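Two complexes, one shared chain (chain A), two partners (chain B, chain C).
Here is the complex of A and B:
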């Protein structure tokens, strides 16, 4: 306990997230292809802390420019969207047709949401190109793969596709019924939802599935029995903090994944906030950031989800309730 | 450095810019713009390797040296899916022995078992070879260390379903469950087997449940499973199964009046649902016979 603090320390988290955003990160090479996701965690975390307005206009502008430098518009190969990093960017290939310069759906999602957080009007986003390319990422069973080739498919990318469609207010980039079918087929025996059919229920994939249904206004496709079992399964994940699967340890990020799914399904009120926020607060690091478990190393993902989890609890000092009102509207 | 193993003696790692066989290639720097975001402090070896990676990617060079370069690049960042994609194209282009690649990726997976890209590489190789004979062993090796590793279960399910490798799975699951009866990943896998033809068609399940029922056990959970089996059969048209609408009604009313009275409304709802399904089934038949 000596290394950790119970009191909420927003100032430390702000500094931690600003370092992720602006610093030069050691030991992060394995995140290279997902730098835009890290950026999203930093910006969204700062947003929850109400700190976006404290970023200078010049810096906001340079971040926006950097994001647009990741945009790929390639109508021929249908690989438009955003890349996760500048790893393949060179002075020479600023033109679009270089090998493997393909968008990745998770990074398209992260870049669009980051632009919105920064107040950009998305006017330089090539919407048509993104929608057309995204359509080619949906598989015959309704799932989505992350990119044109060489990557897996699962519920995470279904969620990204639903968010992109929602943000661009254009659902023509997917067969929505097919997506719903994939989600319903991924409901497991215990009522939760896995990354795909027959796979074990998991709160990450369950949130992705439930949010995709809500965003596409298809929550009513869950039968009463499915809804009942799903709520029960999610509520059962609570044990002084949320876990992500039965008989797994509690973990900061599930305060968002599990809590968020419960919010969308209108069952969050059965959880005792006090117990949950105590657990989340105990995963704060004394130098800023949140970690997965108590007494472990903080990282950007758990920092964002820790803050988002506190936000779901309407915890004082963070932006209230990170899930937007429209999400609930879709659920009722 | 480039072969992932720390226990083999490999000599000193030489930067690509100091290697004679790369002298003809001009490395290509990453262009991160003037004010980068979430910049990463790369190591010298990382920067050197990826400068050459960008250079060969430009021309999509297919060669032994490019193959070796992708190995280093994947070691430095196994999550870089472009590296793996390019590597696969080189493997094909050079007509390499894919079994050797299977051995290589097995070593990587055993060290990086929570990485999406390395499992995907494995899956593509198995598809190319149409040989899944080593997959159960590999997933078992990973699950021996972490019995709930999601990637390993996902891969295992994929090979079982794709190559029809159901034999022996029940026994394997039983060993995991005897180690840890609370391993939900294993229970989920068990359902994969039983659910194939539906619970009501699985003789092990029906025999066990019926014997338990006859012995006087009236646990609501047991009765609920029997109701579910009736629902399943009614859904599928029934045939000569003992799991009928009538049986469901009888079980549900026992639950309502005797064994699970707190959920009486729920069991009434189940009766209505199964009855409705039975009616729809009859209408479908009537409809199809007139066509």
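Here is the complex of A and C:
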């Protein structure tokens, strides 16, 4: 194996992420309406590399302005929050409420976290409007849908809601007990957690569930048996790298999802993780960025989660314990 | 975006690709503008709907476009019912005609979603829209949807969208539990390592004494066929948590796994299963505790990636062992 490939190359990743941040999005047009999520991956990745301060104040300001241009405040339809891009904003509907000019919970999450990373004080965020609108996104079973209409509901958006509540330090936008109930009901026969009740366990939804419990200070609602089963299932995902479900191939991003869930539960130290950083490094691209598997094309998501995964391993050159930024590691 | 393999392209190919992308971009921008500017509350522009179809075929993840379609569908349904109401008073037979027209109209939606799903079988928007259309359809053909499910599960039997869709369908069709169980058993017998199949099975019913027996037979078939695959073992762990599992049953399984261990001495799952089986036995029995201590030591050797976990369990087990000693003395 070429030793050069296994050496961590933070400079290259910084360049890749700056490339993304500056809007050069090769082959990613399908992500247009979720542009803010890509921005978040880029900024969060740069943050882990301690490169945010190397972005000029001017540039930071222009990004912050762009983010605020995505804010929607619409008390009538209760669709306040942030959009993912200006794709649905036209000359005609500029500066006014308009059909489909809605927030999407994932974009609200990405925009808020991006603002914080850029050092903004959130003073221009209409917190009340966001919380009020977010309340309408919670379903009777405790789950969250992504937006007002026509969108699915699942654990990903529960996590977004929990993060938004944590960031704004305001939990009145949700019925917390109901959310906890939804999470507990989504625990599957094998101890893992699915996107909702009866659905297959998946490390993405498991991380979202565990993190939401931690953020809302409800980890203790897991019984000892549930905790053990969860641990067992998560630890079984490890096979040099992590997979997201049994019998699926290992994938860089699960170094964060699965690793992160284990960290929150205080069980990360149970894996022998030397090999994990090696696997992640094997998906490192020679021009920067990380990809899902070895010899695949890198993308912003796997780049960020690859870096985040490395940070969980106390890897040199990377900001430690990224979960400080993502959410609390309330392991007790 | 995910997992695309690298392919070299020449400068010429790159330039051509860029040109194509620019064309697509222009078309996309103009399309979106057209759709948003012609949106009205009580009417929709068929040209816009057409453009919407084209855009979705390329990018099924813009859920706004699916919403636009839903609005158009509701307007169509509303129009037909108003028409129907007026015509019904005059001539009854038109009721059927009106319904046929809506059915024809909705065929487009089925065609479009199927096209989008072929390109991207994991598009939340496409699955969501298809189900929504079925729910608003005057005569939904649920059986047809079942065949679609089967087709997609053959393409990727781990695609949870397909399994979830199936779950929604069986409630509508009125498929019996025994039919679904049979389906589940067939799938598993064809491939014991299909984890999604085992999961699906776990959601079909609550187990009682009799069904626990059936499940244990299925599990034993699976683990004897492929002891290294985790799927059946996780399922076993769940079945063992059922209160109707007797001590005798556990002993039977211990014996069976003893045999399996002789065939597969390096299989960690067998040892783990023995842990599970001896776990609920009376803790004050030192013999069983000692055995557990041995199991954990074995596991730490057989499964070094999770050594830390077993050492953690070992500590607890040894602590228990010393308590028992103290109690006896």
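By definition in this document, the second predicted complex is superposed on the first by the 320 of 332 C-alpha atoms of A that agree within 3 Å, B and C clash if a C-alpha of one lies under 4 Å from a C-alpha of the other, contacts with A are read in each partner's own complex, and residues count from 1 in each chain.
The rule is short, and it goes like this: a contact is a pair of C-beta atoms (placed from the backbone, for glycine too) under 8 Å apart; a residue touches a chain by one contact, two chains touch by 3 or more.
Every value quoted in this text rests on a predicted model; they were computed, and no experiment measured them.
K.L.:
What does the overlay on chain A give for chain B and chain C, a clash or a fit?
P.N.:
On the superposed model, which is not a single observed complex, chain B and chain C clash.
K.L.:
In the superposed arrangement, does A:149 touch chain B (first), chain C (second), both or neither?
P.N.:
both
K.L.:
So, does A:314 touch the first partner chain B, the second partner chain C, both, or neither?
P.N.:
Neither partner.
K.L.:
When the two structures are overlaid on chain A, which partner does A:188 contact: first (chain B), second (chain C), both, or neither?
P.N.:
Touch status of A:188: both partners.
K.L.:
A:296 contacts which: chain B (first), chain C (second), both, neither?
P.N.:
second
K.L.:
One more residue to check, A:54. First (chain B), second (chain C), both or neither?
P.N.:
In the superposed model, A:54 contacts neither chain B nor chain C.
K.L.:
Does the superposition put A:88 against chain B (first), chain C (second), both, or neither?
P.N.:
It touches chain B and chain C both.
K.L.:
Have a look at where A:31 lands relative to chain B and chain C in the superposition and call it first, second, both or neither.
P.N.:
A:31 contacts both chain B and chain C.
K.L.:
Is A:238 contacted by the first partner chain B, the second partner chain C, both or neither?
P.N.:
The answer is second: A:238 touches chain C but not chain B.
K.L.:
Contacts for A:63 in the overlay, against chain B (first) and chain C (second): which applies, first, second, both or neither?
P.N.:
first
K.L.:
For chain A, give the residues common to its interface with chain B and its interface with chain C.
P.N.:
Shared contact residues on chain A: 28-34, 87-88, 90, 92-93, 99-100, 147, 149-152, 188-190, 195, 198-202, 245-248.
K.L.:
Spell out the residues on chain C that touch chain A in their complex, using ranges where they run on.
P.N.:
Going through chain C, the ones touching chain A are 1-6, 21, 24-25, 28, 32-33, 36-37, 39, 59, 61-64, 66-68, 70, 124, 128-129, 132, 158, 160, 163-164, 167, 193-196, 199-200, 202-203, 229-231, 234-235, 237-238, 304-309, 312.
K.L.:
Would you pull the chain A residues touching chain C in the complex into a rising list?
P.N.:
So the residues of chain A in touch with chain C come to 27-34, 87-88, 90, 92-93, 99-100, 147, 149-152, 188-191, 195, 198-202, 229, 231-233, 235-236, 238-240, 245-248, 267, 269-272, 275, 291-293, 295-297, 299, 301-302.
K.L.:
Using the touch rule from the top, collect the residues of chain B that touch chain A in their complex.
P.N.:
28-43, 46, 50, 54, 57-58, 60, 76-82, 84-86, 88, 116-117, 119-120, 123-124, 148, 150, 153-154, 157, 161, 182-185, 188, 191-192, 195, 269, 273
K.L.:
Touching chain B in the complex: which residues of chain A?
P.N.:
Residues in contact with chain B: 20-26, 28-36, 38-39, 42, 59, 62-63, 65-67, 69, 86-94, 98-100, 104, 146-147, 149-152, 188-190, 194-196, 198-202, 224-225, 245-248.
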